[in-house]
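The same chain A turns up in both complexes below, where it pairs with chain B and then with chain C.
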Partner chain A sequence: MAHCERASKPLLQCLQKTYTKALPGLQLQSTRAFQSTALAREEAQAEAKSVPFHKAPDPALVTSPQLERRLLRQGIAPIGSRRRRAALQNASNIPFEQLPYQCFQEARKVLVADREEKLRDITAMSEKIARLQAVPTEEAGGEQVKKSKLRAMELHLEHLKILADINDPLVKKKFEDGQGDLSKPIYRYLADRKWREYRRKILVQRITQMKVIPDVLPHCDPTVDTKLYFNRNQIQPGEFVNAQVSTTAPKLDVQLFEGGEKLVTIAVVDSDVPNVEKDGFDFKMHYLAVNVPISATATKVDLSQLSTDSQVVLPWLPPVAQKGSPYHRLSLFILEQKDSKPLDFAAVKAKETERDNLLPRTLQARYHLKAIGAHLFRSQWDETTYEVMKQIGFPEADMELRRKRVEPLPYKRRNPSTFR
Partner chain B sequence: MRPLSPVLASLANVFRIPITRAPVRPTLTNEILSSTSTPTSPRSFSTTSALSKRKESGYRGDRRILLIRYFLHHPLTPRPLRFSRTRFLRHWTIHRAWNLYQANQRRAHELELQRQWQSMQAACEELRTGAGDGGKLFRKSMIKTGVFRDLVPIEYARLQTEGPAREGWNFEWKRD
Partner chain C sequence: MFQSRLLAPLRALDRSSRTSLPSAFRTITTTTTTRINTTTLRTPSSLLTTTLTKPTLPQTSFPNIQIRHASHATQGTANRHSRDPAGKRLGAKRTAGEYVVPGCIIFRQRGTKWFPGENCAMGRDHTIYAAQAGYVRYYLDPERHSERKYIGVVFEKDGKLPVPRNAPSRRKLGRVKVRFEVEGEEGVKGGKGDLVAKVGEEGTVVGSVGKVEIQQSEELQLRPGYMYREANWVIGRAAEKAGITAKVYNRKNRWLAWRKRTAKAERAAQMKSLKSKKKGAKKAKK
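Up next, the complex of A and B:
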């Protein structure tokens, strides 16, 4: 303990001197007057002062090994290195936006002025929208004109809302720490951008390379981030999943990047069920649920926890691949219901009773659905498949598929007289 | 390096042995043995060919990689720029503010140019319609002949003053 404190002392002394000199010159203004975080921090400090430090050690500041051990016994890990904590003990805790660096402060002034301007733009634009809405349709130039005008103005308003916050370093920091509040448009925008940078590209590549897109659905432009978990293990798109693992229904994490709530239909379909009679492949619906609400903040969907009497049309059927059959692609689609209106569950349940050959295309046409998210995993014959087959009563569990021997064409046959 | 004898060369050609740089006989036989015993040895992803990998080949590695290493680890090479979290955030803030400032300046400049062009056009339009001569003045002023030949008078090449002084230098002048 003593070492690190001694080591960080000169640095801290010089830092403190600059702070004391620079601080009174700073104007203590906060960009966001309506946030209460600063107040909360002051309260916490006042509280901590009343109790001696060794009674209630702060995990961000503790340096002595005894106190650290005590904290660890309580189940709280100290934050950062001991040297860092020792440095923080003596540092005056200046909030980030008041750090006394001249160029930084000048830059902040520019950004704050820009934000003010953007806020003015936002109020002006929302007033303009309200005015246009008040105008009767005939004066505005017809239904279509008014609608398109309103739509364009709302889009511009959304854009302005993002522009107002995109330059804020604290927003960036919060987002990078994963503490962004996704009910706010700026964090949704940042999350969307991050998703599109890598994960969406991977997903689109997998579903197009494995030909899910023309096979199962003609077109899909994913706009929601979908993560799939089997027993808390995340499955990457296109991964092979053990048959034993996929006996339980997966959990989903569906991240919507727009405001508001959406009702979606979730369908898991196997597009590679071998059909020996017609020498081809069939479809099989492994799961179907309708009227699942998702929003930007409520993202978790547990497929086994959805209510059976208002959402689940076809419960989870564990996917199995017969021995010798090529791997099965199990594609999961998040289908947006039209205008987020609930489907009539009883009618859907009465209609969709047959799992075999229930095509997603049919569903899409029948209920006016639109694919907004996709995921994919694969299953093949492995050592646990046989037990799973017996559990679910799969017919012909102990049958192996073999390729038929193809007789070579006459001119390709080995011909001993000419073979030399 | 000694060239192969013609007999050896023809034999090598028949048995399809690649003629190497230093075809000393023992290494040649070693090469044949190794190539026949392990025809497809699993090699990792490497641009070095198997022959140059051998110790006695005298191969010193890829020259480009050597140079990259040399300059990257040279003591005169400055260390990479590494920032702490807050310092990076401060840097980012300044960067964004600078970009914003430049964008605003560009926009203001563009608007100014647009304003100037429009006011010029408005003046021309006024001349065409409002002068009361059926647009004759406007048409005359739009004739562009000689605009690149008959340029500004040569006197304007010099800063215009009241005129050259009659006497070149006022020697009587003294500072008060």
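Up next, the complex of A and C:
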């Protein structure tokens, strides 16, 4: 920060007078604007010329922390890293395609040719699909054959679409800047790959190591990226959450990596409710909502904001762990409804009234659900739990669980005659 | 072996007899040789020695003979049992189907011949012990690991291991419900009761001392070490009684950390300079 400031100071000084001139080139590169709009911008630039940088800092170029803070207060987040912004300040703003490096231009030619070829393949493939669809079922060799053929061809078409754009440097740059449009298959593909590289691995490790997978559901292969927020704080899978914090329903960010919309059921279940009489553990459903629409672009789901008369079957119940009980695992599952068809809300609401011992396995079997996403957080006794228990009217708030003494084995006297 | 050892001194005896014995005696020996079975005697020297053993020669007549008895152990033993260490009593301590309680050692081993399975754990020296009360099972779990052998504990006498991978794990709570006193209910803050142990007839009972009792326990008692003093826990509460409060340590307060660090460095430098002065003084005296 300080280093890059210091290094770029002389340049910065001479650039601060000229940065506005350089700006349109930068914008041209990002939006590929036409000539007419560029002219309009030049007019605006002429007006802006009189304003010094510190009065109206540019979010793409700002490097000093003070100006950044001022921008943030205005509600504008600086773009990219500070190092990058500092580098952009003294970059000559040539459009990316016109960078004057011979090798780069040669390589670009190869990429462009490859893309042309892929585009030709795509048109050919889509024509082929249209032709097959036009053919009557009897000629195509039966219902099943035609269906499987079409499915395979569509998959191949999707693959080609990704191949056409995967080598585009601008696509890569946009994705890395977080400007990728997830309604396009290439950005969905990149996002999925990034998720699978690290975050999914962590999630799978947590849910298997903490035994959520055989205990709550027999199997789960997460395909959607789920993030969980309590009061704007993101909770990592398996984190301990304070009882006071989890009194309000969490917010979810469910990122789907496929096109189209899906209807899902969201269930939060506690699999470690102590049962002293049984000397074992019970389940408790803390939240259940059906018919929640998610798609690649509409990812935000606020569990407290879902409609109570068409979605929420069981509203949020704050999780509490009795004093002395082992930690409670609260696992959240995103369950895909079959063929994305809505469930009959009234019937579900009438049936699922009891929170205790409502197993996700039962739900899965009853409504033909398939787990596509999971998340996990834990709760244990802490200093705020007692108050939360009082608030929600927990029946045995002042009861503590203590370890039961296991009777030791009786002392067995060994036969002394065998001793030496 | 015995023969060769015995023959050596006799050979020496033979040599001496040749020189010192009268000729008449020599004639007797030659006559006796003819009678002895020739099959046992192969060389002329051995022939001579065996014949010499037959007539009883008085030993007193040869004062310069040296005989080595077997009173000293010879070098190099054939089977050195002394090198073997004592057995370490490894192996199974509980067989399959036996009832165990938590902490009960099931298998002692060097390395992991067996791995801990369901409701079992492994100790520092790879000892497998039970983590739950139940019945011991020795089993293989190919779904988990293709080669490892596991020791597990099941809750039922006829329980089976391994369980399928998608089956929910069977667990026991092992707790009882006890009513507890909620802290902060009475609004007591700072003057919390202390835990003290009282040894009574029913063993040690841990009780708590209220705030009032802490105030009352002013009078000094005879304590270990023949001293009239306050109890250790009262001493520990001295700062609280005096109303001394310390700032809560804040990791992020780097300003305080820097001040502390410089003070420490200064003090160290001061001590060092004092030390060197002392040394200098000593040298001057010398």
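The rule we apply is simple: the second predicted complex is superposed on the first by the 319 of 420 C-alpha atoms of A that agree within 3 Å, B and C clash if a C-alpha of one lies under 4 Å from a C-alpha of the other, contacts with A are read in each partner's own complex, and residues count from 1 in each chain.
The working rule: a residue touches a chain if its C-beta (ideal position, glycine included) is under 8 Å from a C-beta of that chain, and two chains touch if they have at least 3 such contacts.
Because the structure is predicted, anything quoted here is derived from the model rather than measured.
Engineer: Looking at the superposed three-chain arrangement on chain A, would you call chain B and chain C a clash or a fit?
Structural biologist: Result for chain B and chain C: fit.
Engineer: In the superposed arrangement, which partner chain does A:Pro59 touch: chain B (first), chain C (second), both, or neither?
Structural biologist: In the superposed model, A:Pro59 contacts neither chain B nor chain C.
Engineer: Of the two partners chain B and chain C, indicate the one touching more residues belonging to chain A.
Structural biologist: C
Engineer: Between chain B (first) and chain C (second), which does A:Pro100 come into contact with in this model arrangement: first, second, both, or neither?
Structural biologist: neither
Engineer: Please indicate which partner A:Val276 is in contact with in the superposed arrangement: first for chain B, second for chain C, both, or neither.
Structural biologist: Touch partner of A:Val276: chain C, not chain B.
Engineer: For A:Pro315, select first, second, both or neither according to whether it touches chain B, chain C, the two together, or no partner.
Structural biologist: neither
Engineer: Is A:Met399 touching anything from chain B or chain C once the two structures are fitted on A? First, second, both or neither.
Structural biologist: The answer is second: A:Met399 touches chain C but not chain B.
Engineer: Under the stated touch criterion, which partner chain does A:Gly259 make contact with: chain B (first), chain C (second), both, or neither?
Structural biologist: Neither: A:Gly259 stays clear of chain B and chain C.
Engineer: In Å, how small is the closest CA gap from chain B to chain C once the two complexes are overlaid?
Structural biologist: So the smallest C-alpha gap separating chain B from chain C comes to 16 Å.
Engineer: In the superposed arrangement, what residues of chain A touch both chain B and chain C?
Structural biologist: Touching chain B and chain C on chain A: no residues.
Engineer: Which residues of chain B touch chain A in the complex?
Structural biologist: 85-86, 89-90, 92-94, 96-98, 100-101
Engineer: Quick check on the complex: what are the chain A residues that touch chain B?
Structural biologist: Those in contact with chain B are residues 96, 99, 101, 103-104, 106-108, 110-111, 114, 167, 169, 172-173.
Engineer: Chain A touches which residues of chain C in the complex?
Structural biologist: 99-102, 104, 133, 165-169, 171-180, 182
Engineer: Provide the residue numbers of chain A that touch chain C in the complex, in ascending order.
Structural biologist: Residues of chain A touching chain C: 211, 213-216, 218-219, 274-276, 278-281, 323-325, 386, 396, 398-404, 406-409.
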